[in-house]
Structures are given as structure tokens and as C-alpha cells.
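Pasting the structures here.
Consider the two complexes below, in which subunit A is the common component and subunit B and subunit C are the respective partners.
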Partner chain A sequence: MASEEMEQLVRKEYKQGFVTDIESDTLPPGLDEDVIRHISQRKKEPEWLLEWRLEAYRHWLTMKDPQGWAHLSYPKIDYQAVSYYSAPGAKNKDAPKSLDEVDPKLLETFDKLGIPLHERAALAGVAVDAVFDSVSVGTTFKAKLAEAGVIFCSISEAVQEHPELVRQYLGTVVPHTDNYYAALNSAVFTDGSFVFVPKGVTCPMELSTYFRINAANTGQFERTLIVCEEQAQVSYLEGCTAPMRDENQLHAAVVELVALDDAYIKYSTVQNWYPGDEEGKGGIYNFVTKRGDCRGDRAKISWTQVETGSAITWKYPSCILRGKDSVGEFYSVAVTNNYQQADTGTKMIHIGEGSRSTIISKGISAGRSNQSYRGLVKILPTAKNARNFTQCDSLLIGDQCGAHTFPYQEIGTASAQVEHEATTSKIGEDQLFYCMQRGISEEDSVNMIVNGFCKDVFKELPMEFAVEAEALLNVSLEGAVG
Partner chain B sequence: MNQYAEAFAAFNQDAESGWLKSQRIAAFARFEHLGFPINGVENWKYTNTKALAKRDFLLPKTVDLDAAREVLKARDVALDDHRLVFVNGVYAPELSNLSGLPAALVVEPLSEALDKELELTCGMMGRLAGIDCDVFTALNFAFAGEGAMIRIGNHQVIEKPISLIHLSVAGDQASMSHPRILVAAGANSQVRLVEHFLGSEEAVHFTNRVAEVVLERNAQLTHYLLQEPGDQSWLVNRTHVEQKRDSRYYCHHINLGGKLVRDDLVCDLNGTGAESEFSGLLFGRNKQHLDIHSLVNHNEPRTYSRETYKAILNDKARGVFNGKVIVKKDSQQIDAQQSNANLLLSDQAEIDTKPELEIYADDVKCSHGATTGQLDETALFYLKSRGLSDELARGLLTLAFANEVVDKIDIEPIYQLVETTVAGHLPHQVNLDDL
Partner chain C sequence: MIEIKDLHARVEGTEILKGLNLSIQPGEVHAIMGPNGAGKSTLSAVLTGREGYEVTSGSVTFEGEDLLEMDVEERARAGLLLGFQYPVEIPGVKNVYLLKAALNAKRKEQGLDEIEAPAFMKLIREKLKFMKMDNSFMHRAVNEGFSGGEKKRNEILQMLILEPKLALLDEIDSGLDIDAMKTVADGVNSLRTAERSILMITHYQRLLDYIVPDVIHVLVDGRIVKTGDKSLAFELEKKGYDWLLEGAA
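Up next, the complex of A and B:
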């Protein structure tokens, strides 16, 4: 009896009047089923998606906050104090009105990164409409992509226009039961990207959220789904090197990649969200679940990431190597300074025969930051002749920071070959001396050495990204030396 | 868990009241509170102790000395040593040899030490591995009463090795023992300590040993841990070492498998210049489960640690290696290296390895490496081209793989015992005498 009542309560239609106050277009803080219904309704989602969200939400309620699980420390998050929906384009009253109101330090950073003037306002969150004319650029891209048969749009658009594709793949790589934040994201995700590359097509250009129209406010619960059919190829860039101004402290994104036979997905990320000030106040909490599924034989998924931002990073881009001879790669540079904390790494699950994976992780900690590499290489008995190579190096700058490695290896077949190597050291005195006696300043010398340390990863980035990443690294480490 | 409560009540009721009795009660309460580790406990992620919770293990009342002699005859390394022999955890003076102890050396069973120097002994107990340490240490403390007390005076170099033989034989029922080993090595002293865990194939025994070792200034201890408790026996082993300035701890750790063998090795480098070195071999076969957790705490600047562990696993054996190095803040100029190499001989064998580093200082040289793979095809080809059969070539290369750690054992009889045991249990037995 009681459970029936409960059921009714749970299934109760969302009350009218709840949204009549459209003025602000932002939901008040708090999370319950009505909020989810509201999000779904606002986005005009089909019934199945609402059910899917609700199921995730109900599961989330049964889960425990994984605080204290990773090598991170932060105050308990009050999930009821977060606002879960803000309509795209909604203007924040507190947003700066012009560049003059923006923190001069931020502008200085733009300068150092060489961000074009007209882009700065947008990045700083200045409340003006269409700061630069990306629409025309975007339209040209769209035409070219459509010609090739590639679908590239926001996930909300995809839900409307390609529901069958979304339904087929959404949540199949990262089910809502996967972890706490994945469940939360599944319940409340607001937007993200959708990419579909049909059989045999090589995407004619590198795709980037940066160029996507309407990408200005993707929200804090981003959901990205990329599917490559047989022999298809795509390279996807996420984020940008410029520091983003963002109102939301909690971010929990989910990224799912699906690669069928002979497909190749390259996913590059540069993350430079607000890391908090020098005393460690504020800053973004970034709890991300990223996973690629090599479903087909000889499929390949490659993750490249440069992480310099966020107060807390909790992120493990992973590959499930299901297909025979499938390949997984993970290249990462993570930089933490001041009071930043990062717990990041990867998982390589080898299921298919002859699957191979490479992990290169470079961690740089400075200031009072703490950084951990946490990785899992699991070789199932079916993955005969699987191969893994892992290298994770840490560089320490200053005596107040920490660098940690937690690599898990679970090997269940005799024919597998697995190697793991890790080192931790500081910048060599002799290297520094060599550079400086050639007349290079201490700061430049350190930058040079650090960039050299990260070379293995930077060379995996798309060209223009790599150049920006180097500049970004220098900016991130500013003040760490001397 | 009930059987432990019954055994504990019977064990502790006759004890004289005092510090030890109350500590035992506290320890047992702690044990009951924690319970055996179940899934989800990070330190026991790969090791299942359900069987220990379910089975009835009793403290042995009588022990079969003849059976013990049989086991010794077959497996003892027979050194010229000072030795204490424990059969199913019970001290066996008939088999021990304490004659000719140098004046500055104390080697005695813990029960005697508790009788003679209660205060001193209690002061050493639980200082490094107390009841808060973990569930098995708490359980050990609850049943504290037997084990060994070893004290080496300052400036003493002890010629003969000290041997502790932990022997298990079959009894009417599954039995358990909770020995506690206390070692205090004085300043500038040098000593070799051999611990041999062995048992008959029929013995069903659960050994839960805890050792607390303190090395004073410039002391040196070489520890030979030789573990082969028998295929039906469990062995849970905790060794906690505290090292003062310039002291050296060398551990030769040979784990030849039992039903379940779990080791927790902890080294606190608490003085500048302290050094610790572990070299270990895990050799598992059948359905054996071998688990090693090591932790080195670099608490002071200019401390040094080396760790080399090798695992060879055959049949359905499972190996676990978890090495952890922690460098404390302000512990500068640390040199820490860790390596773990594994060889799986069968597709059903499994290895789970996790070499960890936690570093809070910047002027350090820390590295770790872990590999799992097969025998080198070119090396195999080379040997075969010289007329060796495939089996023999494989056997030789496997032995060579083990030898990197086994070779370091500088007590010849132990070295030989290990080598012949490994050779004799390879998939294609290698008869070393034929070569």
C-alpha cells in the first residue's frame, strides 16, 4: 500500500505554476523529480528520455557521495544548493558589462596567451550579444559537414532530429549506474555535443566545440556522445586554452565514444577552468566521466588531455578495448599550482585478443598543489597477446607540493605483456644551470625544461592546440619558480 | 566470528589480571568491531578472507612432536644457529637450541619473557603494531602470549643466525596461532634473523604472526623470511620495522605459497641515513593465493629504500603486489626505487600489481616499475639452438628470472632450498643435478 502511494508520488505529474516565473529562466537551487521533469519539458524531450533521466535520478539517490575516495580533500558538496537548469542565453545579472569590469589579471593572461581581442569579451563572460561573428564561420562548416554526411550538433538538437541514433547509443558506454557523478549527469544533463560519422567517412575537418554555434553556454552538466561507424574517422577538440569565466562551481560531464570496426576517434581536451585564487578559494570542481568503447575490431580511440584548470579535477578518460586488435591511447599533461588538486589517469580494459594500449602521463605540481595519477590496466583472460605500455612521470616544483601515483594492474593471461614505469623528480639543477649560463632567465629555463618534459604529449595534440598548450603551461606555472 | 569469541574467552579467563589482560580484551573488542575485511576494503581488494571467518580454528592443546620432526627432516635448512621452534604456535623446547648464546644476546620464547621481564616485554608489545593497526594485528594481540623475544646488545656482531621455525602439523582439528616477535637491535649491532614457516601437506593451520623490529643507531638486521606453510594453511604476516639513524634493514622475502599467504611489511625510516632493502620472490602454483603489501615511510631526509619483487605464477595461482612509498614533507634527498616483475606461466594465473608513490617533498629521486610478460623468445631460441630441449630452456630461463632476487641470499643452504624448490615445481621440472 505504502509503496503504491510512493509510486504515485514519484510518478506525479509536474505541477503547473512551477515554471510560470520565466523571468530569470533559471531554476531555483535544489534537485528533485520535478526539476528533472522541468528540464526535460523545457527541452521538449521525448518520453523515453525523461524516463531515462528519472531512472538515473532514482539510482543516484541510492548511491553514496564518493567523497574521500580519491586522493582529494574538499568540503562536502550540498547538491541541493545547486541550480540545475539555466536556459541558454540567460543573462547573469552579475556578469560584467564591459571588458573594463573584468579582473585585470584575467586580461593579462589573455594577453600572454595571445587571444584575439574580439574573443576576449566572450571568454570573460561579458554580457553582450554575439561578440564576434562566429555564425558565418559556423554555417560554412555545417554545409561542408553535411555534404560528407557527418552529423555535428548539440545533443539537444540531436534528440529532436536524430532520436533513433541518440537512443541507440546514449548511456551504453557510461551507464547511469557507473558512478555517482555519471548518475547525476544522466539525470540532469542540459547540453553537450553529438557527433555521428557514418560508415567509411573521414570527417573533413577537426571538430571543435569552439566553433559550434550555440555552444556559448553548454552548462555545467555536459553530455557528449561521439559515434564512429565502420572505417569512419574523426578528430574532436574540446575546450579551449583561454581561461573561462564560469558561474558554476560544480561540473560533472559525461563523454561517451563509440568506435565500430576500423573506426578511429581522436579526442583532445584542453581544460583551463578557473582554479581558484592564490589562497585556494573558489575554483571549479570538475568531476568528469569519459569513456570510449572500441566495439569493433581494429577500432582505435585516442585521448589527449592538457589539464591546467579547476580547483579539483577528478577525471579518468578510459578505453574499453572490446574489439580484436583494438587500440587505446591516453596522453596527458596535468599541471597544478597553488592549492589545486588533481586526481586523474585512465583505465584500459583489455577484452579483445591482441588489443594494445599506451599510457603517457606527465604531471607537474607546483605551489601547494597535490596531484595523483590513478590508472588501471586490466587484462582479461580473453585478451590473448594484449600489450600495454605505461609511463607516468611527475615533476615537482617547490617543496610544498605533492605528486602521487596509484597504478593498478590486473593481469589474467600469460601471453599479455604489460609495462609500467614511473618516476618522480624535480627539475635538475644541472639542466637549469646549463640553460641559465647560456643567458636564459630562470623562468624561461624552467618553462623550457617543463615543455620538454611534456613533449611526448604535446606532439599528440592537433597543431594549433599544441602551440597554445605550450603558452598555457607557461602561464599556469607563473610564480611557481623563484 | 563466534568461534573466535569462544576461543578468546577460554584463552583469556585464566590470565592474571593486569595490563596484558586488559589489552587483550581491548584488542578483541577492536577485532570484533572491525571484522574480517570484506569486499570494498582497499587494502584487501584482491584477497578474500571469507574462509578465515567461516572456519573453526582452535588453539592447539597438544602437538605431535614426531610429526614435527618429520617435517623438519624434509624441509629444514639445518643451519648452525640459535633456534626457537614453534609447533602449531606452541613453543617446543625439545626441538629448539639455545645453547651457547652470547652474553649480550637474548633469545627466548615470549611466554618466558612475559614471566621474567613482564614490564619490559609489555613495553615493547604493540608499540609499532598495536591494536589499532588492522584487524589481524588486533586479533593477534587478543591472543598474545607466545612468540619470541630477541634483544641484541650495543656493538654486538652476532655470528650465528637466529632462527625462528614456525611449524604446522596436522591435528584433530584446524588450529591457529598468533605469535608475536619482538626484536630490539642495539646501536652498532649486526644480526641475521631467519624465519621459516613450514608445514606438512595435511596440516590445516592459520598462522597470524606480528613482528615488531626496532633498529637503533647504525644497527644492521638481515631478515630471511622463508614462507611455505603448506597447501592447506593460511599465513597472515605483519612485519613492522622502525629504523633509527644509519640503520640498515635487509629483507630476503621468499614466498613459496600456501593456501593463502598475506604479508604486510612496513618500514619506518625514522633517522637520517637509514636504509631498507627488500628483495622478494613470489612463487605460486595450484590455487595458491599470495599477497604482498609493503609500505616504506621516508620520514626523515636522506633515507634510502630499494624494493625488488618478482612473481612466478603457474596453474590457477593468484599473486598480489602492492608496494607503497611515502615521502613525508620536508624529507628531502630521498632515494627510493621499487620494481616488480611478473611472469605468468599459465593462462589461468593472475597477477594484480599496484606500485604506489606518495610524495610530498621535491628533492627526491623516486621511481617504480612494474612489468608482466613472457620469456624472451630470442633467449629461448639461443638456448634451443645449443641443443637444449624446449622445456629445459624454459625452465632455465624461469630460474634465471627468479635468480635476480634469490641470488642475493647469502646463506647457502637457504639459497639451495629455494632454488631446488622452484626448479622442482616448474611446469617441466628441471633437475639441477643433470646440468
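Up next, the complex of A and C:
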């Protein structure tokens, strides 16, 4: 494929780029202890949580911005130029109690995104906790879930309704000392989801949250906590979109998963935040800490992610395999196009005897984008007979993009088995030609080949989302023909 | 069907085809033979529109249309299909998916609706059986882990389903044992109709025992130096190409 032809084809439009015009209660930019007190007060939080935030903030002040650490380049972020709280609705007005109180424009936004908030959700069997900027506006199916004993609500609500659970688990997987962004998040997090599945309960439906960043210049600091007690199971899907904006928007979420004995948490992400335009202007900065703790024996945590968005992504969903025979899985498809940069991967920390982990990472780079896989497999001396299998494959579309692999292995016991496979290939001109010689258009051929490349990951997604992920991939690579 | 006139083509600046003339009528089966480096594979690449092959002069008319003006996929939809010498593996893409996409692309071009799933499955099962292939084959990834024989049978299977007007078979016999060759040859022979033309490119005479061509051409140094009936193949088998090389020089 001639390079100019390709350049012309490596174009896409961000289909979710619209801004909803609603009044919002937004703090002026800047961060100090007063801002944190304000957030905490606005959210009517108990004293312990305010102290917890302040401790994180004070620690954050002692830390150094890790800019330049990963294989990414971006201008220094001015954390004082970011607004740390934005709630839809007029100032001081309480958050809506039910969907009926929700601003219709907001619901329209969700409509455009195709999120089924009302009855349609029932058909899909999906409960949606919709996060619009910082405040959770509507939670569906709470009643049905409550019947099963499952708690699914915003973390703010959980702080009010189930403070003992939040206090027991919050920050126990990702302490505020963990990293710069985890500390920042702990200090200023505004909302997120909370899931608690009690002992022996299998959550009767897929749980889903759509995050959407809307207000200009607001950082979004989500905090999600999912706890599965003994033998409990849940499958959770997080979908993210953001409207088109010129300014880079900061997003630093923390997700913590806790799985006790024989529990199973499946966490799937479909992320298509605004990646910036064709010149690399705008887009979301996504610095996320996601970690699961297999605290019990035979506990299993599975991360599946399809990442097509954000200007800059820094993300390593990880598993701490503490329990005996616990299992960690990471399945990832990351697509970068134009000037997107992604440094993503996973960490598998084996502590428990017989713990096993699987890492399947598929990276697709197009345009002038750059992508790195960074994976750590650490096997402690206690993790006798631990096993890991890693496979990371990169697919390049065109000749101006890059793919890099940084695997780290620390093996502390001779009884461990660790396998690593890696491939980098250019999207095969031979494969393309073969498909096109069967009469299939260039665009369809690319989609077919790329989807085939990602199949090992897509098959891990919940059924109803696998189709969505495939469609999203096609949109992201629209015209990205090599 | 196809009319090639004084075709000159270059690869990376080197002229490979140097004035090739060839005309195939509907229903005819032609074979092109020739030594290594004569330009056999270049000819199939040029006819299918592969990138990196530059036509410097001459013309190719396919069913009255200027073939060289058409894109790769347009040529395919117009009815020119290539059976590859080395069919490529496409991991994760099921055979059935590729075939359906290809068939529907062709149907769309003809203004037809997409084929219904039951009709499609019936068609595939019938052709699979003919090619002595197992049904499970449909759910395997395209050519992935296929033996040499399976790959070639897959090429013919695609032809049986996509029904080209002109089937271009590039070294379809290479790497086949005798049983596989017979199956492939049966498939090719079943493609023979009064309307369809076939152009086989081959290095060896043995394929022509199973698929008997109407016309044989000898390609040497980018030109067709001799044309004859099937007896020409035996002559080549006996005498090799040298006597023709001398004639061409």
C-alpha cells in the first residue's frame, strides 16, 4: 500500500463527540486541602473518609509526577489548572433521587451513546450505573439485585448506606501510597461504582457502568470497589466515552477488586474516550490504576479490556494472586491510531502456592501512534508450582507507527513455569491481497484480519459486548487501511 | 474472455514481461509452462493487480473491459479469481466467514441480496463433500495449520463457490502428493464449462495428465515463444526448455 494512500485512509471520526449543555456545579480549578474538604462536605462524607483523603493528599504532595517514566511523551500537566469537582444540576441542589428527576438532556446524552437506562436494559439483562462526570445519576435494577443480596450503587451512596463495608475494603488493594495517580485519586475521587456480592451468591445479571466525561476541564477521578465474598461471582462491564474537546482532560481512576475464597470477578472494559484529532490535538489523558486481589484460595480475577480511545493511556490492570491455587487473567486489545500513545499491560504477582496466570495482549497500531506493552510477572518464593503464560502480539498498520514490548519477569522459585511468546507483524500485504482477490473491499478486509487477530480476546468478553467491541474496533480503524 | 496484447511489466525496475500476447476464448483451458524466472508468476500478479508490478505498455481486455484500470477487488468481482501458489494464513478468521463475505461482495456487485444462511450452508456442504473435505474445515481459520494439500483444495473450493469467469491457477499442483493432486484436478475439471475459461500456470507437465488443456503456451524470458496443443507438453517433458531458450535468444 502506498504510504500517501494509507495516510489518507488512516482517518476516523470520533462518533461520540457532542457536548451536553446543562448547568453544572463546578469548583474553580485548583487543588488544596480546602478543595478536598469542600468535596467531602458536598458529598456529606463521614469524618474518617475526609481524614483518609487528606492523608492521601499530604502524601501526594511528597511524590514526584512520574511524567517521563513510561514510553510516553506529553507536556507536563498543571494540576492546579484542573477542576476537581463537577456535578450536573444547579449549585447545592442534591443529586437526583431517581431517573424521573434526572435532567432529560442528560438522558438524551445516554441515548446517543446507546445506553439502555430504561426498559431496554431489562431486555439486555444489564444493570447500568451511569456516571455523568462526577455524580452517579441513575441506577437501575437495584431492586432485583437487592433481592439477591447484591449491592450495586455509586460509591458515594455506599459511603452513606454501607460505610462499614467501604471502610473495610477501600484502599486495601491500591493504597494511596501506591503511585502518584492513586494518591491523587484517593484525595479527590468524586464518584464511581460499588459492588458487593455476599457469600455464595452469583450476581443474577451483568453489571455495567458507562463513564462519560462531559464538563470542560474537569478531571475525572473515579473510584470503583468490587468485593466478592466466598463463592460469590460477578461480571462487570465498564464502558467509557468522552465528548470531543480541544483541551486534554485528565482521568485518573482507581479500581479495586477483592475476591475471597472461590470467588470469581470478571471485569471487562470497553474504552473509547476521545483520542484527540488527526493532528494529535486534544483527547483524554488516561492514567489508571486497576488492581485485583485474589485474597482467598481458588479465587479468580479476570480482566478483559478493549481500548480504542484516549490520547494517552497509562494502564496496567493487575492481579495479586495471594490465595492458594488462585487464578489471574488479563486479556487485552488496544488500538491506537493517529497520534495516540498507549503504555499498557499488566502485573501478575504470584504469592499463593499453585497460583496461575494468563496474559494475552493484542496491540494494533495505525497512523503515527505508538504503543507499548509492559508486563510484570513476579513469582515470590512462596508461590510454589506457580504458572504463567504470556502472549503478546502486535500488529502494525502502515509504517509510521510503533510497537514496543517490555516484559519483566522476577521468578523466586525454581518450581515455577513461565512461558512468554511475543510477535510483531505488519498487517500482511499478502493477507490483504488474498481477501481482496476474493472480491472483498479493502476496508472490510482490514476489519476481518484485525478482528481475527483479536479473536482470542473478544471471545472472553460477555456475549452482548463482544459484538459492540467488534463494531468499536471497526469504527476506530475506519479507513485505517494498510 | 481475455485478450493480452504486447504486455510489458516491471518489478523493481527490472523488465520481466517483454511483450506478451495471449488470447483465451470462453470455455477454453490454457496452460502456460516455462522455466523458472520466465515471468509466470509475474503474469498472474499483473493480471490480478498486485502492488509492486508496473505495467509499462500493452493492454489487457477482460470481457471487453480494460482490466488494468480496475482495482484488485473489482477484478475479482468481475470474475477473475486467482488460485494462489502459496495461500496465506489468516489467524482467527474462519473459512466460512471469508467465503460468505466474498460471496456476498460478488452478489452485491450483481445487485443481489446477501445469501440466506441455510442456502449458504447447503452450498458449502455440497462443495466440501466434492472436494473430500470435512465439514469442520469451515470453522478453522483460513489456511491456518493447513497441510499443503488442504491449502490447494481450499483454493479450488473457493472457486467452486465463487464461480469465476476466468480461473487463474498459479502452480496449483506444487507440493501435492498424487491423491491430493487427483482431488484438486477433479475440482478443476468440474469448473470446466462452455462459458468458463481456465488459465493454468505450471512448471511441471504431470498436472496436465489430469487436467488436459486445449492450448499450451511456453513462456520464456517474458514472451510466449511457442504455442501448441497438449502434445507440446510431452515434447517439453522429453526435451526440456533449452531448445526453446536458444530459439528465443
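Note that in this section the second predicted complex is superposed on the first by the 385 of 482 C-alpha atoms of A that agree within 3 Å, B and C clash if a C-alpha of one lies under 4 Å from a C-alpha of the other, contacts with A are read in each partner's own complex, and residues count from 1 in each chain.
The working rule: a contact is a pair of C-beta atoms (placed from the backbone, for glycine too) under 8 Å apart; a residue touches a chain by one contact, two chains touch by 3 or more.
Values in this document were obtained by computation on a predicted structure and should not be read as measured data.
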item	value
First, second, both or neither for A:M63, with subunit B first and subunit C second	neither
First (subunit B), second (subunit C), both or neither touched by A:E419	first
First, second, both or neither for A:N451, with subunit B first and subunit C second	second
Touched subunit A residues, subunit B compared with subunit C	B
First, second, both or neither for A:I77, with subunit B first and subunit C second	neither
First, second, both or neither for A:C401, with subunit B first and subunit C second	first
First, second, both or neither for A:R438, with subunit B first and subunit C second	second
Interfacial residue positions of subunit C with respect to subunit A in the complex	48, 50-51, 71-73, 75-77, 81-82, 84, 87-88, 90-93, 97-98, 101-102, 105-106, 109, 141-142, 158, 162
Residue ranges of subunit B touching subunit A (in the complex, touch as defined)	46, 329-330, 332, 342, 344-374
In the complex with subunit B, residue positions of subunit A that touch it	71, 381, 384, 394, 396-426
Contact footprint of subunit C on subunit A as seen in their complex	1-2, 428-431, 433-442, 444, 448-449, 451-456
